[in-house]
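Have a look at the structure below before the remarks.
Naming follows writing order (A, B, C and D), and every chain is counted from residue 1.
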Amino acid sequence: MKKDLYMQFYRTMYKIRTFERRIEEFSMKGDIPGFVHLYIGEEAIATGVCANLTHQDYIQSTHRGHGHTIAKGAKVNRMMAELFGKKTGYCKGKGGSMHIADFSVGMLGANGIVGGGFTLATGAALAEKIKKTNNVSVVFFGDGASNRGTFHEALNMAAVWKLPVVFVCENNEWASTTPYLTTTSVKDISDRAVGYGIPGEIVDGNDVFAVYEASGKAIERARKGEGPTLLEMKTYRIKGHYVGDPQLYRTKEEVDQRFEENDPIRRFEDHVLSEGILSENEMKAIVEEVVGEVDKAVEFALESPFPDVEELYSDLYVD
Amino acid sequence: MKKDLYMQFYRTMYKIRTFERRIEEFSMKGDIPGFVHLYIGEEAIATGVCANLTHQDYIQSTHRGHGHTIAKGAKVNRMMAELFGKKTGYCKGKGGSMHIADFSVGMLGANGIVGGGFTLATGAALAEKIKKTNNVSVVFFGDGASNRGTFHEALNMAAVWKLPVVFVCENNEWASTTPYLTTTSVKDISDRAVGYGIPGEIVDGNDVFAVYEASGKAIERARKGEGPTLLEMKTYRIKGHYVGDPQLYRTKEEVDQRFEENDPIRRFEDHVLSEGILSENEMKAIVEEVVGEVDKAVEFALESPFPDVEELYSDLYVD
Amino acid sequence: MREITFSEATLEAMREEMKRDPSIFVMGEDIVRQGGIFGQFKGLPDEFGTDRVIDTPITETAIIGAAIGASLAGMRPVADMHFADFMGVCMDEIFNQMAKIRYMFGGQTTVPMVIRAPDGLIRSAAAQHSQSIESWFNNIPGIKVVAPSNPADAKGILKAALRSNDPIIYFENKDLFRMKGDVSEDEDYIVPIGKAKVVREGKDVTIVSYSIMMQQALEAADILEKDGYSVEVIDLITLSPFDEETVIQSVKKTHRLLIAHEAVKRGGLGGEVAAVVAEMAIDYLDAPIIRVGGKFTPVPFSPTLEEAYRPKTSEIVEGVRGMF
Amino acid sequence: MREITFSEATLEAMREEMKRDPSIFVMGEDIVRQGGIFGQFKGLPDEFGTDRVIDTPITETAIIGAAIGASLAGMRPVADMHFADFMGVCMDEIFNQMAKIRYMFGGQTTVPMVIRAPDGLIRSAAAQHSQSIESWFNNIPGIKVVAPSNPADAKGILKAALRSNDPIIYFENKDLFRMKGDVSEDEDYIVPIGKAKVVREGKDVTIVSYSIMMQQALEAADILEKDGYSVEVIDLITLSPFDEETVIQSVKKTHRLLIAHEAVKRGGLGGEVAAVVAEMAIDYLDAPIIRVGGKFTPVPFSPTLEEAYRPKTSEIVEGVRGMF
């Protein structure tokens, strides 16, 4: 049981990392159109949180959404095709990186609007409350997004109505080119929970076990009808804001050091090896499996056709 | 000195009360057009806060703005004329009750948009900071408004930039027909200060001395460049949400009892009498002066002409 | 058939559809204890409980955002805006989320929801409580916009909206709520979205209007009739995308067109109607296309100014007379 | 005169005006360390300090609200929107406060501020980062809207905006930022707000356009010239209220009108231009008024679809050919 879970952690984190590395490569070459924001270095968050969720639960994601999508159970081939703008992508090529989604697994979409997901996730939770299920809804958001008015409106609404929604802040210390403390009035964003009378907790966002546990508790609380929780996952943005960002606002040394000290995948590997939970071979097998899957996804994407021009007019209205 | 201040408190509170009673009367008769929201029972707040301000300081008000406007130093005759839609009103009849303003005394306007004033007041404070004056800006807002996203965005911005702005919540327990605890996730709205790393304080909003003192401290702090404060004035809405509100959502007994127990003007009178600060005669003189002023304002408003039709097209653009 | 008010007609539509379909719920400010500012939700809390009739905080952003989220989770939310003037608060949710979600996610989901937005002038409510902003949404693909002009249509098209799988904005004029009229009792009485109605046939000129301005349009038609002009009057009912065919057919017959709405004339919906006709049927036109609408100013408070702002029957009459 | 980019031209305007007038300051996201997404603020923090060049939180509502408040307190704020697509977030502040404050308070104050809003398609930025929403503001009295099409005008009209006492929305097309052109070095080089420019004279047809679509308009004019048509091209520059006189005079001469913009055709600004002409000069028209604009869908991501969405030179050419 525990071992299965650990293997799942590794598989998911490694799949995200591998996916993102390939995306970076293709995006730098100009093969992937549009803006691309990578999740490298933050894999433990999506992985740990989504391991507590079923496909009946919902997540709302951000512009940095590939990791959430993979962790929620989407297939990398249709994701890859979408990012390449192909007909076989999840959104038939209409969405791209900033609008990746797989509704069949409860992944309600990346969002190009920073802070756009708070109220949507709250609404999905409201629906489940009205329907009297015990499904929950989780919204991922950045430190930068935590300053938007939608944060406040959604947390207040969710708290008053005790909705089954968990607010997961990915505090990676940067909002685009801006260090978070220059635009955010509290060091610990979890402090803001006080303003809504709900629990707020700081979590080591690069420790998949800590993430799994803290979010598991919050999700359980939500399922039981006890209302929302605000979790702040402390992490760090390893890559530029978007692929191609010259990053003039920080040094390469700073980034390298933070990554070396705190790569969530390396930390996981060290831990499971030293505790003897997974063997080198077991991990190698996972790596091979995952790399193969992503390679196939690349092939699938490259071979897929672009959407037909008529596709422009479909999916606008139902009736 | 102290006596002057106390006389000013009484004059302002009584003027607001008298003004509002007359407005209620004319509004019920249908002589005053549009929506009218009365400040009766909340007079101590505007009075106590504005006693700390000069005409170089700014206030932003709400839909319930007559009291703030009077307390900031506007003339009741031009206010009255505005509420009647007359040419001689502050806004030439274009604004009415929900858009009463007197820029010459730093009263930057009532606002028909609940929560519309937070960011405007923050901007006025930003301007003063850039200009390196020590003027401050105060925004009044309701318990209902405290849930709007603009609250969050403004408090965060003001806190990060340490702007000279004071946020004054008038928690009158009702937002229109809704008891505040059914839509607000914290009992004490001042708790929300924690989320911005600024001081938050609960104040007895029906005690003009307490209001004066607490807001004085906050305003002083702002003037010194130490940043914003969130003050929560506990009060109670004595009248309907608007003139004509059938108030089916609460009993007359409840309201009467609250008013009897906690009328800010009666509390003031009892206090200054028992402390021997003002005599009955001194107070009577103030009452007469104020009632006379409001009577004259009514006359002025009634005698003033409506704006000419051509006035429709003026004041749209400057250039 | 019996006479009820516009407000009651919308209430009936809500009641019938909420009974039919448990996934419909309604939320907004001051609904539960007040029954809506215009009584348009009266009694719903008692009948359907406060799980399905919900008082919200004063947070239009969260109201619309939550409605969108709930619709993605299989519900059919109705979100009340209190006043259409407050739609600026949630404009991002309306145009970047609600309108685009189905399309940008490649048809993976639907967003069946209705925004109810009371609009228009009402005795001196002034600049922030009197607006008609329907034309903005005409430029936003992915939304449908309707605006009934009478109790019967109010019921029929609200029912259509509640059964639709597309996001719909339902503008209801504040002053129309108390209008009385015959309304069908048929529980399947539907006014189809996307179809305009020729409410009065004529040969000499076409007046296109909708919502409360239909009253002035019909009044003008009566006056003009006495002058000897035969006036055709079209009620658009659906404003976006509007029924181009019905308008064009009419203009091809009458050769003259006037469009009237309470919204500001400049940049109003009338421009789009005029442009479609100037593109599709210009050869049939025997006169300039005239638009009548609100003046190019915010809505002023004082009764004299508000009256000067308001588009009037006389402007329609003069406009038509000038065509001959 | 020397060749500089559109982005540099706006930077020059900012620099010159900020030197002239200490009440001008600029705020927005990612200005200080990045110099704006399109380099349009590069160097300003060094020159004017971070008191006057300010990085904000990601809070468009507070950015616009604070700009309004600062303008009431005597400053002249410039607020950068990052992408015009985010204007929905602060739409309430724009239309209920910024546009109305001077009017509804009876002229007691002015609201001198400029919103800079990069708009339009840029390589596959998709549904929420590609929009042109200028037509909404045409329906909102109290705002002026400008949209230059080249570096010279970009500088001249930004300077005019920075000196104006009215609130102005300055739409700058994202793809135009790298366009090069001759730009005046005169520190008082002003392009007046409210005036359109006839950038090419012709006799047979008028093409009205603005912003990036001016390139397609001029390209089409070249192609049509070879067919033997003499094409007049008007650059509106100011979109609201636009220069009706110049358009009408041109149509009276050419008798034919086509309007082209990148924004969605339906409900776009072209409708207003067409309607004004159909009201004021219909007797002069010898052909239908044709509009070319974005298709009625959200902007899709995939390059093939984005290209299908984009209004094209060939559509303008076909449109004009069809008039004869």
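Everything that follows uses one rule, which is that a residue touches a chain if its C-beta (ideal position, glycine included) is under 8 Å from a C-beta of that chain, and two chains touch if they have at least 3 such contacts.
Just so we're clear, the structure is a prediction, and the values are computed from it rather than from any experiment.
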Those chains which touch chain D and also touch chain A: B, C
Chain pair, B-D or B-C, that carries the greater number of C-beta contacts: B-D
Centroid distance [mean C-alpha coordinates] between chain B and chain A, Å: 45
Inter-chain centre distance, chain A versus chain C - centres from mean C-alpha coordinates, in Å: 40
Where chain B and chain C are represented by their mean Cα positions, the distance between them in whole Å: 36
Touching two or more other chains - residue numbers and ranges from chain C: 56-57, 59, 61-62, 85-86, 89, 92-93, 96, 103-104, 126-128, 141-142, 296-298, 300-301
Touching two or more other chains - residue numbers and ranges from chain B: 91, 93-95, 99, 111-113, 147-150, 153, 156-157, 160, 182-184, 316
Arrangement of touching chains [line / ring / star / complete / other]: complete
Touch list for chain A against partner chain D, complex: 33-35, 85-86, 91, 93-96, 98-99, 111-115, 144-145, 147-149, 175-178, 182-184, 248-249, 306-309, 311-313, 316
Chain C residues within the chain A interface of the complex: 25, 51-52, 56-57, 59, 61-62, 64-75, 77, 92-93, 96-97, 101-110, 112, 141-142, 144, 164-166, 193
Chain A-touching residues of chain B, taken from the complex the two chains share: 147-153, 155-157, 159-160, 182-187, 191-192, 194-198
Touching residues (chain side chain B, partner chain D) in the complex: 58, 60, 89-95, 99, 101-104, 108-109, 111-113, 116, 118-128, 130-131, 137, 149-150, 153-154, 156-157, 160, 314-319
For the chain D and chain C complex, residues of the former touching the latter: 85-89, 91-96, 99-100, 103-104, 126-128, 133, 135-142, 240-241, 263-264, 266-268, 270-272, 274-275, 277-280, 282-283, 285, 287-291, 296-298, 300-301
